[in-house]
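Dropping the structures in below, format is structure tokens.
Shared between the two complexes below is chain A, which has chain B as its partner in the first and chain C in the second.
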Partner chain A sequence: MSFISLLVDEPGRNVLMTGNEAVARGAVEAGIGYASSYPGSPSVEILANLGRLAQKFNHYAEWSVNEKVALEGAAAASFAGLRAICVMKPNGLNVALDSLASIAISGIKAGLVLVVGDDPAGYSSTNEEDSRPLEKAAHIPVLEPGTPQEAKEMTLFAFELSEQIKLPVALRCVTRICHASANVIVGPVEGGCREPFIGTDERFITNVALHRVQEAKLARVRHMADTMPFNRYTGPEDAKTVVITAGVGFMYAREALAELGLAAEVGILKLGLTWPLPEGMLLKYLKTAEKVIFIEEIEPFIEENVMHLAAQHLMEVYPLRFYGQKSGHVAGQYGPGIGEMDPETVTRALAAVCGKSYTPPVAGEFLKDAMPDIPSRERAFCAGCPHRASFWAVKSALALDGRSPVVLGDIGCYTLGLTRTGFNLLQTVHAMGSGVGMACGLGRLADYGFHQPVIALVGDSTFYHSALPALLNARYNKSSFLLIVLDNETTAMTGHQPHPGIGKNAMGEEGLKITIESVATGLGLPVTVHDPYDVEGATEAVFRSLQAEGPRVLVLRRACALVAAHQGKRPRVYVDQDLCIADNCGCNRFCNHVFACVANIWDAAKNKAVIDEVLCNRCGVCAGLCPVGAIKVEGGGRVD
Partner chain B sequence: MTDVGVHNIIVTGVGGQGNVLASQVIATAAVESGFLVSVGETFGASQRGGSVMSHVRVSREEAYGPLIPRSRASVIIGFEPLETLRTLAVYGGSDTAVIMNRRPNYPLGVLLGDFTYPDVDRITEVIRANSRSLTVLEATELAVAAGLPVGTNMVMTGAFAGSGVLPIAAETYEAVLGGLFSGEMLASNLKAFRAGLGTVAAPGEARN
Partner chain C sequence: MDGKKGPLDLVREVMASGMCTGCGICVGLCPYIKTAGERVAFVHQCGLEEGNCYRSCPRTPTDWAELDRAVFDREREDCLLGNYREILFARAGAGDVAGKGQYGGVVTALAAFLLEEGEVAGAVLTGGPAGEMPRPVLARCRDEVLACAGSHYSASPSLAALNRAARQGVERLAVVGRPCQVLAVRKMQGLRNPTPNNLSAQKVKFLVGLFCFWSLDTGIYSFMRARAGDRRIVRADITPEAMALDTGSGVVNFPVEEVRPFVRPACRLCFDPTSEFADVAVGSTEYDPDWNTLIVRSAKGREIVDAAREGGIIETRPYPPERLPLLRKAVRNKKLRVLAAMENGEAGSYLELSDGYAHVLKQEGGSGR
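Moving on to the complex of A and B:
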């Protein structure tokens, strides 16, 4: 597990690795020279690990400012002859797609592997986008691992394939690969090319005339696919029912068939390469089977493409029947294609198609009788999060302002601004930086009768990732709005990666800090910086900035509470229960009910406020907000 | 239980409690002991007050997928009473053994006054009536006493190790911790782990 398993020097050793670690290990074993990424769940730990491994294995690794730049850098390394890996979330692929589509036309030199971590059910994403249709649109092959071991093997294979056909190759992982762990057998680390060079006669040009070359490359992969080791069939050769699956769906299907007693009669065709399809191999089973069931995560990508193939060979496959998302047989709680696959959904689908009786487990009946109304758990800003205080300052400033505002949001931690922990302030949430572009639009409408004050909120990492073009646009087109950057001096949502404002890079080297205020000043925008822990001062700063005109920037800066809690010993924050007058106060239990910090709990026995000191990160903000001063910072000082 | 041959272990709690580390320590100890292991982590909500759960599947014969089917948990290691109850209701059954930290972590809706956190004794009673066995620990207090307030996860890992569900010696877990931590951090993590180990190694105690 963890970082140490990545350093194992003994080929053949069996260690526990996450899928992300396995991809990083695969990249190292493939002898990469270049790795780049912008942090995004669930694949963030791949580059985080490659950064830590950079010195030992003599490769370069960077957190790029966004996915487009990350991919362009990796492609350039490939042009120079270095194997390169570029990692992103599906939303990141949207950002990088323009470059990917053209790099896939120009072709590459050394292996270029694109890893995309899809997040079925959106456990840590705003959506559950399936990256495969985009990879297909870009005309590149797609590999899908089903276990961490396979993630490592496929990473190695992806480099070889990429070099054979001179195309980027996508490795599509999902959360249940990235964040799953399992036994992985480590292999030897190959020394890759370390003499990067681009010859004067080498060209990497995007040109429509190369479309035919691109198609020919894909045709070659399609031909190779039939004998690729990752496309494999298990089960009786003449099975009348065949499951076609990829990724982690294979594990669920295998377990479900065993559960239903169908392992001896139903075959499983597990596709490792899901684009282009191994057509010859597929047709062999489509011709002999009577029923085919598709198990895959998010969109019916394999399902639709196999159905197209079958339609081309209609008479040969007749009277084959298809079951999957399209037929409605493979459907989770919210319907086909929504949410992630799970063992029960797969078992239910296979039972229905195979005519087996299956009674889903009756879970939790006792709870309905014994405790019917247990509280749900909604997400909240961490105890001590500086930007709970920021949202409170914005809310207070807007109340003082009195006008009807529009507050535009961002993804990441600050999406919580639309929930109760952020006082329900956000009115829009879209892609990274979208709120700033939207503010540009609204801020230009005064001449057309729109007079509401406009606030866009972004995190610090988003500021660098994608707020800059919108800010430039605002300055150029004379739009008027307030951009508030909720700066916690890290990319917190994905586990504290550095960005240009931090200075430190992915390999741990110290470097130049490019501050938000220097960038904003460079764009000619007025910029103010304030500490959100000084709630009163921050409220005043928001209020004053709201009254100004034109595009303007307010940075509310304070390190992420989780980082700060690890770094220093702050004085204890506690409630002097002799001073707390509880429900006689008229504050409506401000610390507990209103400010909604998870450490401000209530002592039911005494009916007084109390702080859960295990959860408290000692920001001391509540001490300043308690109307009777019952919350104390030990030593009487303020938190610095 | 039809899962002969596979131990389905669930570590459940709230973001920030260190579930993932606990599941990784258990899984690594199992790999080091020659088992086939598969872990599914659901930690999108980690650090932000959401429910967090790890599925650890340990087998001698066959690799399993990363998710445990409903009602098939053999052990639930609950870092928080309400989450333990919630997990038992979905993944547990009358054959499930439960090890639970007694200390509540209040959901936002409770803090805001929308709901009342159920009485912990009542939660304990319901869990006991609907599981094979229940071991209750004051894990957070033990962690604080060990000098590591964030060490609830290590206390719970120790309690699991001591339960003997997996035939893995405490020394194997401790060696895994030795690979993860050094110096003072190793000492306090080991202290927390041993505090948890002690609660179950002495049968009859802390089993209220």
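Moving on to the complex of A and C:
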């Protein structure tokens, strides 16, 4: 489970890897020449690792500014004959879909593998989106690994399949594959093509006439699927009850059947290729089975497609009952298709369908004994996070403005601005860059009676990802709004990946810094920069910018506190409790209650503020906000 | 003050109702009240039921007679000009102040004198170029005072600088302020509540009040810029008849009626155009631009004016008897308008006057004490 495991040069050796590392290793073993991605959980470590491996294995790796560009770059490498891998999360696939749909029509040359990390339950996403329906819509095959070992094998296989049928192939991973660690047997690293060339006669053209070629390619894969080793059945050959599953669902189902004592009578059909379906293989089991149970995460993708297949062969499979999301039997806490699968949910579903009794373990009692007195915690910005200071400045400026400005949010750490830690300021949150486009719309409505000032808030990485077309639109169409870029000089939420403003790339090379100011200035927009740690000055800057007209940009720039905490000698920040006026008039626990940095805690015994010096990242912002100067900054030199 | 009143009441009774004078006394008392562009707003409700913000506000209920007793230790005899010891014409003595002030330069001269004599360690003023929105200033030396010479006509919340200075540990302060600001400082000085945190006004040792019949909304600055064209405004002045913008290459004059739409609504309900609770009050003479009207009100005011005169910092001459009725009439008219508004229920309920005050005011002929 480390970078070292990716470097192992002994084929056959068994090493511990996460699913993400296994995919990266698979790509290296497949001899890729090109890798690209825009950071997104849960699949972010794949490209991060491929970037670090680039020099050793002689491939190119980049953090692209967005997923569309990433996919286009990877496709181009494939056209030139280099195997290419492109990694994203489902939201990224939405961005890249237009290109994917076209590339699937034109076809490709060297293997092109699209890895999509789905996030069931949306642990690190604004949504829980299933990428498979989009991949189906784009007419490309979909593979779903169930273990890290399979993730590596399927990556290798995906390149071969892609080259065989000249289509991009999708590898759908989910959080529990990406982040889980397991033993993976490494294989040899192939050289791969290293003489990229596009022949003068070669063409990669999108044209409606090629639709029939696509369908023919898929038909060919459908035929291959019946004998594909990743599609396999375990259990009695004439089982009356069959579980059809893929990905992590396979392990859950196997565990559940063992627990219920059903392993000898219920079969499991594990699909590795979930689109197109192995129809022959499926029909074989549908004909003998009386009950089919579907276990999969997010949408009932396999379920619906298998039910279509069964409907088409109704007379052959009858009688047969289907249990799954559609019937309501496979459902977590919040209903079918919502949230992750887990062994308990799967066991409960199988027990109900098979008429077994099952009493789930009482987790609550166990937790109470093992972990007493755990306070529930809200999500909050990290200690010292510059966003907290920025949001306080924005909140102050909004109150001072008094015209009820509208604040449009976006995707990043600062999406938390819609909760208490960001003073509940965000009024919209959609896709990356959406807030800026929406600001364009609202900012054009003054002539039609909309007079509230408009603020769009984006992060630095989001600015480069997708704010630019909306800004150009704003200038062209004379919209009026303030774009505030919360610039923490990194892509923080996904683990501090670089972007065009950093001057470093995925392979660690130093390069050109393309600043937000230079881009905005290039678009003809007025731009000012302020440090959010100077809260009063930042408030003034936001207020002044709000009073202006036209599209305009304010950059609130301060490095992510987690990055800064590791740099330089930091001062100690503490409370002089003799000065603290606590909950009296003049404060009422501002640092602890309102600004609420997670390090500004409360000394209940003395009824005074105190700083948790373990959590504190020593930014010193609260010292400037304390109304009586009770918070002291000592030593270490002023943070800067 | 009866019952518990706090920030929510301040918002309802003063800020949301347009009664806020923009004095700045509440700005920075706590982390929740801020200012920008001469707007004052609660950024966040602190959650307390009562607070010094409400108690100090010049537009929350104020007992005029009690304040007279607290500041001057006696009732007022003059229902128009309040407590005072002497009314004079005054101007800065020969030296660097002369000619810098709006009229006689008395405010600038006194503030510099207080600092130089060590009476105070800082002076809360309003500064910035003519024709632009002024900013609160804490002057710590003579040069910094001189840089602030000249009048501004919008309501700078300069008491924010008082709160800041107190927080920074400046112990003895002078304040130059509008009548509402003088009132705010006096109200805060009188507070005796169980949590005396951040009571900056208790560090104020001398109060120079200004004459002020109204102040203007910040919209005036774009209006002035439009009137001055591209030219920089080096001096702005408002007389009872006209506003004059001196651009250095000619003076732009326009009738005062054009300025009136910018008057802050809160100022229409002000009962105190001559800073009745200041140590000294200073205004124009509306007669001779080289001189100021100087009203010596408190014993401390008397002491400082005498010392300044002896040191040649200011010179004085008797107030021309024939001018007094004009001043009294202007003050009376303003007070009567507020009384009328109160009787119509417009002025809220901030003014708490002793029995008979209104009656005396209405009877007052405007000719003498």
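Quick note on the criterion: the second predicted complex is superposed on the first by the 623 of 640 C-alpha atoms of A that agree within 3 Å, B and C clash if a C-alpha of one lies under 4 Å from a C-alpha of the other, contacts with A are read in each partner's own complex, and residues count from 1 in each chain.
Definition applied: a residue touches a chain if its C-beta (ideal position, glycine included) is under 8 Å from a C-beta of that chain, and two chains touch if they have at least 3 such contacts.
Since the structure is predicted, the reported quantities are computational estimates derived from the model, not experimental observations.
Novice: Chain B or chain C: which reaches more residues on chain A?
Specialist: Answer, by number of touched residues of chain A: B.
Novice: When the two structures are overlaid on chain A, which partner does A:343 contact: first (chain B), second (chain C), both, or neither?
Specialist: first
Novice: Once the structures are superposed on A, label A:397 by its partner contacts, choosing first (chain B), second (chain C), both or neither.
Specialist: Second partner only.
Novice: Give one of first, second, both or neither to describe whether A:625 is in contact with chain B, with chain C, with both, or with none.
Specialist: Second partner only, chain C.
Novice: So, does A:203 touch the first partner chain B, the second partner chain C, both, or neither?
Specialist: neither
Novice: So, A:585: does it touch chain B (first), chain C (second), both, or neither?
Specialist: After superposing on A, A:585 lies in contact with chain C but is clear of chain B.
Novice: Which partner does A:181 contact after superposing on A: first (chain B), second (chain C), both, neither?
Specialist: After superposing on A, A:181 lies in contact with chain B but is clear of chain C.
Novice: Between chain B (first) and chain C (second), which, if any, makes contact with A:543: first, second, both or neither?
Specialist: Only chain C is touched by A:543; chain B is not.
Novice: Which residues form the common part of the chain A surface touched by chain B and by chain C?
Specialist: 593
Novice: Within their complex, state which residues of chain A touch chain B.
Specialist: 1-2, 4, 14-16, 18, 41-42, 119, 122-125, 147, 175-176, 179-183, 248, 251-252, 254-255, 259, 342-344, 347, 360-364, 366-367, 370-371, 373-382, 413, 416, 420-421, 562, 589, 592-593, 596, 598, 600-602, 612-615
Novice: Give every residue of chain A touching chain C within the complex, in rising order.
Specialist: For this pair, the touching residues of chain A are 395-397, 399-402, 423, 539-540, 543-544, 547, 581, 584-588, 590, 593-595, 625-629.
Novice: Would you pull the chain B residues touching chain A in the complex into a rising list?
Specialist: Touch list, chain B to chain A: 2, 14-16, 24-25, 27-28, 31, 36-45, 47-51, 63-72, 82-83, 85-86, 89-93, 103, 105-118, 122-123, 126, 129-130, 140, 144, 149-150, 176, 179-180.
Novice: What does chain C use to touch chain A in their complex?
Specialist: Within the complex, chain C touches chain A at residues 28-32, 34-37, 39, 41-44, 46-48, 50-52, 167, 193, 195, 197-198.
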